[in-house]
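Shared between the two complexes below is subunit A, which has subunit B as its partner in the first and subunit C in the second.
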Partner chain A sequence: MENKETYWSENLRIIFICLAIWFVVSFGFGLLLVEPLNAIRLGGYKLGFWFAQQGSIYAFLALVFWYSAKMNTLDKKYDVGS
Partner chain B sequence: MNRHLKVAFMVAPILLVLGWGGADFYEESKANETRFIQLEQEGQCDIINKNCVLKSGEFKVNVFDKDGVTVVNSTFPLDTATLFLVDENDKMTTYQLGMQLTPYYWSRETPLRQLVSNKGEGHKLRLLAQIKGGQYISEFYTQTAK
Partner chain C sequence: MDELKLYTYIAVFGTFALYFGIAWWARAGSTSDFYVAGGGITPLQNGMAIGADWMSAASFISMAGLIAFLGYGGSVFLMGWTGGYVLLAMLLAPYMRKHGKFTVPEFIFDRYYSKTARIVAVVCLIIASLTYIIGQMKGVGVAFSRFLEVDYGLGLGIGMAVVWVYAVMGGMKGITYTQIAQYVVMIFAYTIPAVFISFQLTGNPIPQLGLGSTLADGSGVYLLDKLDMVVTDLGFKEYTTANLGGTLNMFAYTISLMIGTAGLPHVIMRFFTVPSVQAARSSAGYALICIALLYTVAPAVGAMARLNLMNTIEPAAGENLVYAERPQWFKDWEKTGLLKFEDKNGDGKIQYTADKVTNEMVKVDRDIMVLANPAIANLPNWVIAIVAAGGLAAALSTAAGLLLAISSSISHDLMKGVLTPDLSEKNELLAGRVVMTIAILVSGYLGLNPPGFAAGTVALAFGLAASSIFPALMMGIFSKKMSGTAAVSGMVAGIGITMLYVFQHKGIMFIPGTSFLGDMGPNWFMGISPNAFGAVGALVNFAVAFAVLQVTGPAPQKIQDLVEHMRLPGDCAEAHDH
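Now for the complex of A and B:
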């Protein structure tokens, strides 16, 4: 029982980290901080613009795989079978 | 593909749509905030001889007189346009312009032609052009060149 609760709380922690990164990358870099980021150039593009157009999508994809890897590690740690 | 990866791939589009909706809402509310932008005179301004352009970035306003009717023509559609004739005592007379066939053209009969019909005569004016999300303001001086 205790194991289940710890598993669930760690699971929630991973989800909240994912949501925080999702918010920072999409709203933070793409909208709220777009002006200061636009002062930096990445491959000729303004960084704020790049995040709004492409960067956030790459970050979301990376997040999907990171989440999956973290959850697999968690499953193994708590011996939760698929 | 394990179950966590499947779940993540199912949730990701929902978050993407939520993000898109949120960003759209944010941009919309930001665009509705009223901002004041100053229009600068582009070279000499001579309304009578159809040579008066005010600009700010890509937004340009051409002010000219056509048989006693003052016309304002802009590069973006306007919501309202108001012209103020300012006399030597800095007193303003307001002329709310009416839309012509399109919101790119606004006009109204004003006494401007009588005031600056002769060469060398000038007059101070102010313009307030309102578009969605901003008000363009300008104080300029027309002088008849010929």
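Now for the complex of A and C:
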């Protein structure tokens, strides 16, 4: 029973970290901080614009795969996988 | 028959033959095959199928055009329609797969032990799915009439027949394998012209890098800087900073699209087709790769199409294109009425500016940008033919997924679940096929006679998914105590306020003249547009549900145990019946 609860709270912690990054790259860098970031250039891209139209999507991808890998380890650790 | 038409016939009917072959090979024999493809789809296959399911005629045809004219403001679609998959992968898909049922309303019924909740979910699902299909059917009709010059209605009829054959015969199994083929067709059709155009303009064949590169004309100017300069010279907003109704509106819009995406039943039910919880998590990743391939190319397509359009009309400042010398693609699209020129100052040249009084390009439909792009850039005819096949693949694959969502919600949730529980498996399968046939006929009819409110209803589809389905599912998993009464109150409140807001600004049932507050920016609540209001609806849903929960008490222990069970991956049975 205790095992189950710690498994769930570790899962919640991982989700929280992922969603924090999810928020920062899209709503943070792509929207709220877009103006200051646009002062920085990434080749021909203004950085804020790049996050809004490219960077956030790459970050989402990395997050989903990281979450999946992290949870597979967790499933093994608590022996709850199939 | 000219060369372009011949190539287009080969591309379109060649791909149709492929879809039929696959459908015959993957016929459905049981309800499990029909609803969840027997539960044996691998994560990569599922990812490609989700990609095809998700990317509709709107993603393929309209999105790059929207970005071309909105510039930075178009980012809400890019972030909104991809960020939703992060939510799906972490907050919904694994747990709903573990629970292991066929449909989203069925999950809601089990979790909230309420037939009312199940019926509310079915109604939301049907409204959301049907409005979506109308758009796909229109896309099929437009693609046929533009590229093969057949009548719009005949084109639509051919599309309906094709979907009918493989969706009704194969169910989820047939649809999944056809969607994999359609994804491949679609992604080639989208990226090949983009690679050509990126190489032409910047010398870099990778569109994502080309967009950030310097122009190949030797000027050393970055493409985006050039575009900013060209559009601001003509009085348009600067491309890379043009805002969409203010930061708060963009924020709410992006959130609405994200949670709307995560709450769309036809996407969620695809996660029931994989064999395990682990596979559900990783298929969300594969799905996002497949989607990101198109979504990171789209901004390049948009910006480059805009630049090419501007350069065609005004190759150098003051040297405007003479109307009599306009290129062939210009004439072709004028015929469709989607491109219109009016020589206001009578000089025989085309002036395209942001000023309504002097602008002579009186109509430039956003939807033509992707379809006209290869011709504007003078690409070979076979590329244009592939784009036609890709547009059809995008429309057909999404229509099939939506039809399955509708048919399963009626045959499985309404008939088997509520009205006639003793339906045998054989008859349920038959009912599923009959319902799907009827759904195809209804959506074909609506595609032929689009109701006046068709355009506005897409906002409603996302608004409904965002304000009702997503919060209900999320609370069902993350709050053990959430009770049926509380969740239903939340759903009703969320839908209610969202519909009220959309109707008060867009008209009751979108009938013009019945909007009692007017469709004007100054009247919007804190400047949030009706399309972006799903986020507020979702907040109301959460707030009402938790308030009611405080008053009426928690869900029974049995349900709390069910949630416990859902949260642990464990052994995961194939998605099954009751």
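Going forward, the second predicted complex is superposed on the first by the 82 of 82 C-alpha atoms of A that agree within 3 Å, B and C clash if a C-alpha of one lies under 4 Å from a C-alpha of the other, contacts with A are read in each partner's own complex, and residues count from 1 in each chain.
As a working rule, contacts are C-beta pairs under 8 Å (C-beta built on N, C-alpha and C of every residue); 3 or more make two chains touch, one makes a residue touch a chain.
All values derive from a computational prediction rather than experimental measurement.
Once the two complexes are overlaid on the shared chain, A:Val80 sits against subunit C while remaining clear of subunit B. By the document's definition of touching, of the two partners only subunit C reaches A:Tyr7; subunit B does not.
Once the two complexes are overlaid on the shared chain, A:Gln54 sits against subunit C while remaining clear of subunit B.
Contacts of A:Leu31 after superposition on the shared chain: both subunit B and subunit C are touched. By the touch criterion defined above, A:Ile17 reaches neither subunit B nor subunit C. In the superposed pair of complexes, A:Met71 makes contact with subunit B and with subunit C alike. With both complexes superposed, C is the one of subunit B and subunit C in contact with more subunit A residues.
Shared interface residues of subunit A (contacting subunit B in one complex, subunit C in the other): 22, 26-27, 30-31, 52, 56, 60, 63-65, 67-68, 71-72, 75, 82. Of all residues in subunit A, those touching subunit C in their complex are 4, 7-8, 11, 15, 18-19, 22, 26-27, 30-32, 34, 38, 42-46, 49-50, 52-54, 56-58, 60-61, 63-65, 67-68, 71-72, 75, 80-82. Of all residues in subunit B, only 2-5, 8-9, 12, 15-16, 19, 22-23, 26-27 touch subunit A in the complex they form.
If you check the complex, the residues on subunit C that touch subunit A are 67, 72, 74-75, 78-79, 82-83, 85-86, 89-91, 94, 208-209, 211-214, 222-225, 240-241, 247, 250-251, 254, 276-278, 281-282, 284-285, 288-289, 292, 295-296, 299, 564, 567-572. Residues 22, 26-27, 30-31, 52, 56, 60, 63-65, 67-68, 71-72, 75, 82 of subunit A touch subunit B in their complex.
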